[in-house]
Amino acid sequence: MLDERLEVENLHLWRGERHVLRGVRFALGGGGCLEVTGPNGSGKTSLLRTLCGLMYPEEGQVLWKGENVRRDLPAFHAALAYLGHEPPLKADLSARENLRFWIGIRRRVAAADLDAALERVGGGGWCDRLVRTLSAGQRRRVALAGLALLVVPLWILDEPTTNLDTEGQQLVESLIAEQLARGGLVIAAVHHGLPATVRDVRRLELPP
Amino acid sequence: MTWTWFHRLASPPYVYGLAARLTPWFAWPAALLIVAGLWGGLVLAPPDYQQGDGFRIIYVHAPSAWMSLMVYTTMAVAAAVGLIWRIKVAHAVAASCAPIGASFTFAALVTGALWGEPMWGTYWEWDPRLTSELVLLFLYLGYMGLRAGIDDTQRADRASALLAVVGVVNVPIIHYSVTWWNSLHQAPSVMRLGKPTISAAMLLPLLMMLLGFTLYFVAVLLVRLRSEVLARERTASWIREAVSA
Amino acid sequence: MSTSGAPAAALTSVAATDDGAGVTLTASALDATRLALLRDLKLAFRKRGQLVQPLAFFALVTMLFPLAVSPELSRLREMAPGVIWVAALLASLLALEFLFRDDAYDGTLEQYALSGQSLTSLMFAKTAAHWLLTGLPLALMAPLAALSLGAPSASLPGIVGSVAVGSVALSLIGSIGAALTLGMKRSGALLSLLTLPLSLPVLIFGARATQLAISGGPLLAPLELLGALAVLGVTLAPLAAAAAVRISLE
Amino acid sequence: MKEFLDMGGYAAFVWPAYLVTLTVVVLNIVWARRALARSRAEARRRLDVRGERP
C-alpha cells in the first residue's frame, strides 16, 4: 500500500500539429531517480507537466501507486512537488515571505524549519530581502529551500541546476540524494545530465 | 451496448462521413420548406387587421430570433458535453455553431428594428426582447473573440466551452433582469399593440419557416462540422481518403 | 514489500501523522484560503500605486459627467445612479486585468493548481482579495461621487450598501473573464467583451437600488436581488474560474 | 404585381428585412462551404508535409 510508485504507460501528447510525446513509458519505484534528457523542443517540459496532470495526454495514462492520477488529482498533488523553469516566487515579497505563503498553503511549517531551510541553501544573509533584488541563482536557491520543506514523496524538477554555481549544484545533488535515501522519487529534466554523484540514475532520452 | 452509438458519435471519421451523407437530407427539405413558407407568408397569408402587410416581417424575424436562441443552446450543450467528456467532436459542433448563431442574431436585430419603425414609430426600442437579443449578440461575439484569441485549438475549445456554459447559465438571469428593468420604465408614448390574432393561413407559413430554418441550421452545421473535425484531426489514415474524394 | 518499502513508509508517515505539537502537518483548506488571501493583500500593499488607479479612475469618470452634461444638480441627481454604476463597473474591470496576470507569469497559478488544495477555494481567495482592494474602496468612495452629483446625504448608506454588495458580484463575474483570457497578450478589450454582458443584471439592480436610495424609496427589493446574484456568484464563479485556470495551464 | 411589391405601404420595411435575412442565409452557406474547402486544403498540405501522399 505504501509503496510509492509512478508508472507511465504509452503517453502520446500533441501540441497543435506537433506530436510531442510519442509513446513515452517508464516505471519508477521508491528511491528511484529518472533523468529526462533531450534537445531543446523535444518535449521535456511537456512530459513533466503531463506527469503532474497539468496537460492531458491524447493517449496513455499516468499511474501513482497503481491508480490513474486523474481519479484523485488532489491526493496525487499532495504527494507531489513540481519546480518549473522559473522559481515560483513573487518579486515584491522577501524570500522568507515567499516561502511562508507558498509552502504554507500546502503544509504547516514552523518558523524554525523555515530558517533552517533558508540557512541550508545559503540564504541566511539575504532571506529578508525582496526577491526582486536577488540574483537568478539566489532565487533558484529559495525554490530549492521550498522543495526541501515540502517533504513529499515525488519530486518533479525542470532544469533544477539552471543558474546555479558549483556550490549550488552540489546542493541540488545532496537534496536529491536525501530524497532518494528517504525512499522518495525524483524525476528531473536536465540538459547536461545530473552530476555523477547521484547514483542509480535511470535515463530517459526524448528524441528530437 | 447502449453506449456504442455514443462512442461512434465521438469518432471523427465516422462523424465526418455521416455529416457528408446527411447534409442533403436536411438541405433539400429546408429549401423546400423555406420557399413554401415564403410563398405562404408573402402571398397567401392575409394582411393583419392592425399591422397590414407590415406584419409579414414576422416570417423572417421570428425564425431568426428562434435560431439565435436555439443555436446558442445547441452550442452550450455541445460545449458542456465536450468539456465534461473531453469529446473533440462535441467541441467541433460548438465551434461550428457560433458564426451561424451570431449572424442570425444580427438578422433578428435588424429585422426587429425594421419591424419596430412602422409599428412603434422607432427603429430601436429598449424592449426586453430586443435588449436580450442584443446581449446575446455580445455573448456570441465574446465566444468568437475568445476562440480567436487562443492559438492552440484544444485550449480554445475548452476555454470557449466554459464561456458558453457560463453564458447559458446567465442568459435567463439577464433576460429576467432586463424584463424587470423594462417594467420600471414603461415608456408611455410608444404605441403598444395587442397580440395579433393569428389565423391558420398566417400560422402555417410561420411554422414552415421555423422548421425550414431549423433544418437549414442542421445542414449548415454539418458542413461546418466537417471542416472543424478535419482541423482537429491529425492521424492521417482516414484524412487521406476524406480529402482525396 | 519492496526493498525500498521501509524508507518509503517512513516518508509517508512524516507527511501523514502529527508532529510534536499534535497538529497535522497538512494545511487545512481554510488555512490555505486564508494564506492565499493574505498573500494577495500583502502584495497589493507593496504596490500601492496600482491600488489607487481604479479609485482615481472612478472619481475621474464621475467628474466627467457634470462637465459633459450640465452642472445643474437636479439633472445630475437623475443621472447619478447610472453614472456611479457605470463608473464602478469600469473601474472594477480595470483592476481585473491584473487579477491573475502576475500569478500566471511567475508560476504561482501552477503551484496553486498543483498544491493538492482545492483550486476553487484558492480562486475564491483571489476574488475576495480583488473585492477587498477594489469593490470595498469603491463602495466607500461612492458617497463622495453621489454627493458631488447632488444626492441627498440620507441616501448615502443605501448607496454604500448597494455598491458594496453589487461589487461582490462584479468581482466574481470578472474573475471568470480574467481567468479565461489568461495567457493572451492584449486581453483588455476581450475581457470587457466577455465580462460586461454578464454584468448587466448587476448594473440593472445596482442602479435601481441607488436610484431608490436617492429618491428615498424602499430599496430592499433590488438589494435582495443584488444579494442573490452575489450568493449565486460565490457558489459558482470560483468553480468556473478554477476550471478556466486549469485550462490556461494545459 | 405592383401592389405586391408595395406591401401595403410597408415596402421600405418588409423588403429590407427579407433581404437581410436571406443574405444571412446565403452567406452562411457560402462561409460554411469555404471553411470546408479551406480545411481540406489545409489537411492536404499537412499530408504533403509529412510525405504521406504521393
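General observations
By letter and in written order, the chains are A, B, C and D; residue numbering begins at 1 in each of them.
By our rule, a residue touches a chain if its C-beta (ideal position, glycine included) is under 8 Å from a C-beta of that chain, and two chains touch if they have at least 3 such contacts.
Predicted model, so just to flag it, every value in this text is computed and none were measured.
The highest number of C-beta contact pairs joins the chains A-C.
Relative to the centroid of every protein C-alpha atom shown, the closest chain centre, again from C-alpha atoms, is found for C.
Between the Cα centres of chain A and chain B there is a gap of 48 Å. Centroids built from CA atoms put chain D at 53 Å from chain A. Per-chain CA centroids place chain C at a distance of 43 Å from chain D. Averaging Cα coordinates per chain places chain A and chain C 33 Å apart. Counting partners per residue, chain D has 46 as the residues that reach two or more other chains.
For chain C, residues touching at least two other chains, in rising order: 250.
Each of residues 17, 56 in chain A touches at least two other chains.
By the document's touch criterion, interfaces exist between A-B, A-C, B-C, B-D.
Residue ranges of chain D in contact with chain B, taken from their complex: 4, 7-10, 13-14, 16-18, 20-22, 24-25, 27-29, 31-33, 35-36, 38-40, 42-44, 46-47, 50, 52-53.
Against chain A, in their complex, chain C makes its touches with residues 1-2, 4-12, 14-15, 23-27, 31-32, 35-36, 38-39, 42-43, 46-47, 102, 106-108, 110-118, 122, 246, 249-250. Against chain B, the residues of chain A that register as touching in their complex are 14-17, 19, 56.
Residues of chain C that touch chain B in their complex: 176, 180-181, 183-184, 187, 190, 193-194, 196-198, 200-201, 204-205, 208, 225, 229, 232, 236, 240, 243-244, 247-248, 250.
Put simply, chain B touches chain C in their complex at residues 83, 135, 138-139, 141-142, 145-146, 149-150, 154-155, 158-159, 162-163, 165-167, 169-170, 173-174, 176-178, 180-181, 184.
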